[in-house]
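Presented below are the structures under discussion, each in the form of structure tokens.
Paired with subunit B in one complex and with subunit C in the other, subunit A is shared by the two complexes that follow.
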Partner chain A sequence: MNEFKVTIREQENAHVLDLLGYLDAHTAPVLEEAFQQMIGNGKFRIIVNCRELTYISSAGLGVFMAYIEDVRANRGDIKMSNMSPKVYNIFDLLGFPMLYDIVNDESDAIAKFAALS
Partner chain B sequence: MIQNNKNSQPSTITIPSRTERLNDVRQFVAQAARVCGFTDADVNNIMLAVDEACTNIIKHAYNYAPDESIEVNVRMHGGEFEIVIADRGKNFNPDSVPPPDMKEYMSQYRRGGLGLYLMKKIMDTVDFQFKANRNILRMTKQLH
Partner chain C sequence: MKLRNVALLGSAGGLFITVFIINAILKVDVELQMLLYVREGAVALAFLLCYLYVHFQRRDSPKRLVQKIGVVSIWAGGLLAAFLCVSVLPLKGFDTQDLRIIPRDYVTVFFTSLVSIGAGVMAIVTQLLIKEFLLSRRKKGTKRNFYILLAAMLLASLSAADGKPLESSVVSTILFTTSILLIVVNSFRLAWIPYLPRREKVYTLLYSLLAFFIFIGIDILIANQNQIVSRGLLYFSHPLQVFVQLNSLFATVYFGMVFISTLFQLPTAEAFDRKQTEISSLHNLMRLINQVFDFNDLAETVTKMTMEVCQASGAWLEVLPTQNSSQKHGIVSNRNISQEDIAVLIGGGDKSLRQLVLLTKKPVLVDNLMTDRRTRHLPQLKKVGSIVIVPLLTHETVMGILYATKELDFGFDQDDADALSGFADQVAIAIENARLIERSLEKERLQRELMLAQEMQKRLLPQVLPVHPSFVMHAVSSPALEVGGDYYDVADLGNGRYGIVVGDVSGKGVGAAFYMAEAKGVFQALNKIYPSPKEFLIHANTALAGSMDKRSFISLLYAQLDVRTSTLTVARAGHCPMIYVAADRTHFIQPSGIGLGLTGGEVFASTIEEKTVAMHPGDVIVLYTDGVTESRNASGEEFGSERLRLLVESRRESSVEEITEDILQNVWNFTDAQGYDDDLTVFVVKWNGCDGSETAVHIST
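Take a look at the complex of A and B:
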């Protein structure tokens, strides 16, 4: 069985989702639930920290697609950070870097949100 | 299982049509591709292509029925890594899925439907056939 876990923490002016493990069609509902929780609570400044994300398939990428419009319509964003080259490659195959703000480190995302405040 | 980098005996895994078993298929295919001499980057991509194919079968061919089966065969043949995936689900016609214009796709924030696009992007060939009531998907990638 492949493990996947999302931990949510508050960090200055944003909420960080720490992803751990394998994000595929089996585990995507876990991430979906986390996004629903964020949006349901009116939290639209979201950083997805991918430091411990080992793998992602299109089922996982689809979750980001499902929520980005809502989040941006509420003057927020989904920024992604700390991606391994392996995971970045999958985002890149689909042209995601054109659509999402992917930064090296979580602190860069926090700084970008701070600049908007 | 592998004799050399050019050719190998075929190897098979059969899984029930459940997403919790995707990891087993990924590990199986990754191991085979690695032994054949593919780079880590290629191994990861091949694993993703197979994950996408099996996810599509579970979702669309079997409509999430959990007790159907998916058979995945791999072999190295003439320097080409060949993956053949068979299921007994609903006939899949790839022509019914138009190739997405990624720019337009992204601008509309659609979700789903990216699997086939990824498979075609990663593999050298992707071919679907419906034979004897089975969907047969054959994908190949040349070892450079």
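Take a look at the complex of A and C:
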């Protein structure tokens, strides 16, 4: 069984979700729950740190799509950072870079959020 | 059967007549010793035939043992009556002379002979009956002991054949005494009594007492040698007299023992009965567990057995609702108690008896509903005086509750509650089994549905690919589960153009399969209206947007072959790139474009681009889904697109079938034959080039 874990930490003006492991249809609910928790608490500036994300399946990609509208409607954003080339390739193939803000490093995302406020 | 009986009885009768004649002759001359032996032989043979007759008859009547004591008592009573009749009849009787018995007239001989035959038959019947008792629930030595006794009896009888009737020899006295000792030994075989139901014990007590007294009467009449009956028997046949006497003694001792033993066991009979019922109920239930296909039947039997287990006057079964089961719940069966009464008894909200059982998971026994503090506030019911309630437990959770009621106060004791608890455990298992069966049936049904869906989905893929002098095509698609989200299709667009599409719905399984079917519909509807691949994708996105779940999307690659211009135009919506194998190089063709269903019109349209490549004879293109490149081996390594690129590069000269097969085989080997964990599709096209004949071919189609 592939493992997947999400840890949430607050970083200046945003919340960072650290993804660890293998995100697929079986583990997607874990990430869903994290997003629901964020949105439920009115936290709309979300950075998803993918440093330790080893794989993401189409079902995993679907999770981001489920929440992006809500988040953006509340003048927030989901930014992604620290992707390994392999994971980036999956996002890229589907055209995610054209829809999401994918940055090299978490600090870039924090800076972008800071620039907004 | 009938013939055999007639033959047996007829022969026996003939022999008896012979004996009678011999006896009549002997009246005249007592000294005819030879005739005496013939007589004893005839008597023995006659009774052997009688024995056989009784033996065969017995097998035909399956009466209960206890009833047989009654029947034998009546027969013995009849014999005793006959004995008494002969005693009081004004018969002349016998004289004694030189230790011999001499009848005074033939009438005496006749009557005493009749009762003697009766006594002999009686002895046989009695002995067979007692044998039956002894051998029921027999132990190791039982049969042996009985046959030793029988042998001793026969020897004692035989020893009397020689010598004068009133003479007592040492040998016959020893054998007679031995027989009596053996009778006592055999009479301790009373193991059948404890297992009789209470009712039958009462009958046994009465019958055995009756039999005991009747046989004492017979004993007395036979033993007293001054009596006409005794003398008659001795005159009829001395060995027979011994045999009858020993058997009568045996019956007296045995039925005496039966009487005493039954008398002592009567007080515990009820408790014994109850245990017996409990055990047999549990046995029945064990059998029931294997017949739990009909839940209603199960519930009915459970309440029926509940009443048997604790002799209740009413019972009902409540099953608590559970997940994953469409099984009935609530009060599933009630017997001899109305729903209204049940509502009263389990009413009372948080403090009801039902709640108490749910909370404590232990049996609750109320001896008197009217005075018990837990129930005295309830409206009084005529039909219910006491109640016992036990939980049905599986894995420490209450799955249901079993209730039993009696009209009397103090109707149940702790034993009843314990018995019912034991029973409840079995019921819980039975209900659990019923649920498991239901679930597995349901699973089977779903499995069949899925197989059907699989068949349907296979038909959504092209059954035959177009054949054209300019190209050869081959495709294989294999879902990871029964159905999947991969899709490929080909359309003849006219004017020498062919549209090839390969797509992949996010996720897998049934959800993906529905979108796959929708993608097929969209492709078939739009490919002729929007001839350019880019336009097609833009409109497909719009068409799909309305019906797709936020989390789902479809990646699609649309490649359009034009045989007139030898070109291939490709547009991509988030799908894996296409591999293009030319003579000199192999590379990915990856025009930009995001997946269908990810975003609405404008943004989507702006991302889609089209690429066109020129095709040369021998060129190969490979379209695939991510199931190929994302297959992993045991150490988590992906097959990857580079490995795929190198593989197809090296197979440019192979046929499309070989290339497809090679790709699948390589992926299979790479995953160590673990199986594909995602839907997987490969579509290979080989370009043969325009040979000038294509136009003619096209016109003909």
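Note that the second predicted complex is superposed on the first by the 117 of 117 C-alpha atoms of A that agree within 3 Å, B and C clash if a C-alpha of one lies under 4 Å from a C-alpha of the other, contacts with A are read in each partner's own complex, and residues count from 1 in each chain.
Following the convention adopted for this analysis, a contact is a pair of C-beta atoms (placed from the backbone, for glycine too) under 8 Å apart; a residue touches a chain by one contact, two chains touch by 3 or more.
What you see is a predicted model, and the numbers here were worked out from it, not measured in a lab.
Set against each other, subunit B and subunit C touch different numbers of residues in subunit A, with B touching more. Contact with both subunit B and subunit C is seen for A:Leu99 once the two complexes are overlaid on the shared chain.
Within the superposed three-chain model, A:His26 lies in touch with subunit B and out of touch with subunit C [touch as defined at top].
In the superposition on chain A, contact is made by A:Gly62 with both subunit B and subunit C. Where the contact sets of subunit A with subunit B and with subunit C meet, they give residues 25, 55, 57-59, 61-63, 65-66, 69, 86, 93-96, 98-99. Here subunit A touches subunit B in the complex through residues 1-2, 22, 24-26, 55, 57-59, 61-63, 65-66, 68-69, 86, 89-90, 93-96, 98-99, going by the rule given at the top. Remark: subunit A residues 25, 54-55, 57-59, 61-63, 65-66, 69, 86, 93-96, 98-99 touch subunit C in the complex. Partner subunit A is touched in their complex by these residues of subunit B: 18-20, 22-23, 26, 40-41, 44-45, 48, 51-52, 55, 58-59, 102-103, 106, 109-112, 114-115, 117-118, 121-122.
Subunit C meets subunit A in the complex at residues 504-508, 550-553, 555, 573-577, 592-595, 598-599, 603, 607, 626, 630, 636, 638, 678.
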